[in-house]
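Next up: some structures, all given as structure tokens.
Both complexes below contain subunit A, partnered by subunit B and then by subunit C.
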Partner chain A sequence: MRYVRDSAALARKDVLLELRAKETLPSMLLFVVAAFTIFHFALPRGTGDVAARGLLWSALVFTALLGLTRAFVAEREQSMFDALVLAPCDRSAIWLGKTIAVLAFLAAAEVVALPAFAAFFHGLDARTVAAVALADVGIASVGTLFGAMAVAGRARELLLPLLFLPAAVPIVVGGVGRYLWFLALYDAIFVVLSWAMFEYVVAEA
Partner chain B sequence: MIAARGLAKRFGDRRVFSDLDVDVPPDGFLLVTGPNGSGKTTLLRILARLSAPTAGTLELPPRETIGYLGHEPLVYRELTPLENLTLFGRLYGVPERGERVGMLLERFGLWEVRHDRVATLSRGMQQRLGFCRVLLHEPALLVLDEPTNALDAHGLALLDALLDDARTVVVATHDPHRFDRRASARLAFA
Partner chain C sequence: MKLPVLTTGVLGAAVALIFFYAPTDSDQGFSQRIFYFHVPIALTSYACFGWGAWKALRYLRTRDERADLESYVAIHQGVIFGALTLITGSLWAKASWGVWWTWSENQLVLFLVLFLFYCAYFMLRYSVEPGPARANMSAVYALFGVVLIPVSFLAIRLSQRFIHPVVFTSHGPQMTGAQFFTFCVALAAMLLLFATLYTVELTGKRLDAHVRELRDLLGRRLDGAPQGAAQVPALPAADRGSS
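Up next is the complex of A and B:
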């Protein structure tokens, strides 16, 4: 129970920080809506569903990347990783709390992004929405792990995209093809891997 | 409390220190001095379990019994003092958290600003909040890196009172005279 309470407290802290700073979510919203607008005018008329879905997933992955680059700003700029690592809570609770917060920001961005996509392109079906929901879990879990690794690295801004984008390729493949089982499998594997590896990442940080 | 033998730390090719022995008994007070870049902070981070030595053996108390204050107060600037201490109180599993947090805020003169964002507080107040965070879980070992930073006369008096009540202490400082009478051991980096 303590593990869950610690994770919830850490997630609440991140949401509170964002509500006060208002930096991450507005940037994500602006980016994703601007991307759809550009795609809408760039694509020729009569473009097929698959191409439109490809653009949806490209925009979502880059929007997530934008959010992930901000996910550890306080920990990096205010040395708060030290404070968190010093606390005797399970270190994976830090990962879980951050992952929940990232997931919340992604979901909030998609509440605007998906209707915008539906308005600009060919509407939206339940299978695509389910695929996005499944993909969010994988993006948040693996992105949080890589975000923590990037905090410890020297070329932080470079490291996160270099780590995250290759890991996001299966998500785009699964998302465009709407292979829900594939996305669920990706989530299961990468949630467990990220959860288990976080302890070692912060030990080296 | 602390027993280190042949401690060494390197960052790549750069040797910070080597073959260092450190002994601090329970209720001891180790004063660490030296110029900037000599390895004081690196040693304190190792003693606080934030960093691992490259070589040597090291006996330290458990993580939950260490209180560490670095160059930063290690509190979230966009949260209030109350929110910060409540968060860390939970992470440290502090019993009767509300009372403990309230008592520390009162003791360090931060009760009136408990609902203000830390970013709006002076650097000295932030440092005092850092002391509150360090003392939340009543640590057996205090590791303080330049604790006099940004403190005015009142802040320094609060630091003295804090050290009067502390058990085992390691302090790194550029102002050794302030801590001279307390020191039971000294370590001077060249």
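Up next is the complex of A and C:
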């Protein structure tokens, strides 16, 4: 119970910070709409449904990446990591809190992005929405783990896409093919793995 | 010093078998012989990544710095063998299909993804200051990698269904006895090559670290800090003699 409370408090802190500063979410929204516009001109006329779905998934992955690079900025700039690690809570609760916050931002961005996609390209169906929801869980959990690694390095923003994109290939495959079972499998494996591993990433930070 | 000799012997035997013993493929002709390089190299690369992850797990459990270095060296070798897999695969594709790259070849695509993933390992490692934090992160990333291999493989198999209308079905190891024997020798040779390179690189890295340590000690001694000099531990006799 205490674990849940700690995670919720940490997630609430991130959402509050975002509500006050309004930095990440507006840029994610602008980015995803701009990406759709670019893709509209990049896609030849008369291409099929699968091609348009491919665009949706590339836009979503890059938008998520944009949000993830911002995820640990506050911790880094204010050297909050030390304080978080010293706090009397389980370290994986830090991961859970951050993942929930990232998931909330992603969902908020997609509330705009998915209707925009439906309006610009083909319509959406329930299966695609379900796939997006499942993929978000995987993106947020893996992205949070790698985000915490990337901020420890000198390269920072440069490093996260390099770490994250190869790991996101299965998500894009599962998303474009709409293999819900595969996305659920990915989530199950990598949520557990990221949750278990996060402790080591921040332990000596 | 037995390992390099053994490796050279088996590697020579493998090359001789590949070119003079293995029967020429009736379908693909001489170019099929690259199979005996390509597939063993690919399998060795998996072995490297697996070994690296095993050492990473060892590091996380024991906090032994040597395991961190061993994990790094194994992954370094894995990336080299992975690059060789991409090159030999690409050559084979050119010889038998006339194209340098084909997305319908699962193994090649998987290696591209893995190659990108493990190249990022070096970016991560070299962007963090050396120390326990870096060792932890490298270990976590290496473990993540071995879990990603089967997941990516499954994903790439699935992707063939919507990228290509026909599912790519592999037709099993339909090899004759002579082909299979050559293949096994080639695989053994590649694994031995990995073991040798691994040992050589590891020895080099350890020597580097040792020299740096000695230089630090010497620097401190020459600085002549009075309280520092007292803290400098006496060097073991073996070190003075050999290096």
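Rule of thumb we're sticking to: the second predicted complex is superposed on the first by the 204 of 205 C-alpha atoms of A that agree within 3 Å, B and C clash if a C-alpha of one lies under 4 Å from a C-alpha of the other, contacts with A are read in each partner's own complex, and residues count from 1 in each chain.
Note that contacts are C-beta pairs under 8 Å (C-beta built on N, C-alpha and C of every residue); 3 or more make two chains touch, one makes a residue touch a chain.
Treat the numbers as computed from the prediction; the structure is a model and nothing was measured.
With subunit A as the common reference for superposition, the partners subunit B and subunit C occupy compatible, non-clashing space.
In the superposition on chain A, A:21 makes contact with subunit B only, not with subunit C. Of the two partner chains placed by superposition, A:180 touches none, neither subunit B nor subunit C.
Put simply, more of the residues of subunit A are touched by C, taking subunit B and subunit C as the two choices.
Of the two partner chains placed by superposition, only subunit B is touched by A:87; subunit C is not. Once the two complexes are overlaid on the shared chain, A:74 sits against subunit B while remaining clear of subunit C. For the three-chain arrangement built by superposition, the Cα-centre angle with subunit A at its corner and subunit B and subunit C at its ends equals 90°, in steps of 10. In the superposed pair of complexes, A:30 makes contact with neither subunit B nor subunit C. Contacts of A:118 after superposition on the shared chain: neither subunit B nor subunit C is touched. In the overlay built on the shared chain, the residue A:9 is in contact with subunit B alone; subunit C does not reach it.
With chain A fitted onto itself, subunit B and subunit C come no nearer than 5 Å, counting C-alpha atoms only.
The residues of subunit A shared by its contacts with subunit B and with subunit C are 203. Chain contact summary for the complex, subunit A toward subunit C: residues 50, 145, 149-150, 152-156, 159, 162-163, 165-167, 169-170, 173-174, 176-177, 179, 182, 185-186, 189-190, 193, 197, 200-201, 203-205. Of all residues in subunit B, only 48-50, 52, 62-64, 66, 68, 70-72, 74-79, 83, 87-88, 90-93, 117, 133 touch subunit A in the complex they form.
The part of subunit C that touches subunit A in the complex is made up of residues 60, 113-114, 116-117, 119-120, 123-124, 127-128, 131-133, 136-137, 139-141, 143-144, 147-148, 151-152, 154-156, 158-159, 161-162.
On subunit A, the positions that touch subunit B within their shared complex are 2, 5-6, 9-10, 13, 16-17, 20-21, 74, 78-80, 82-89, 203.
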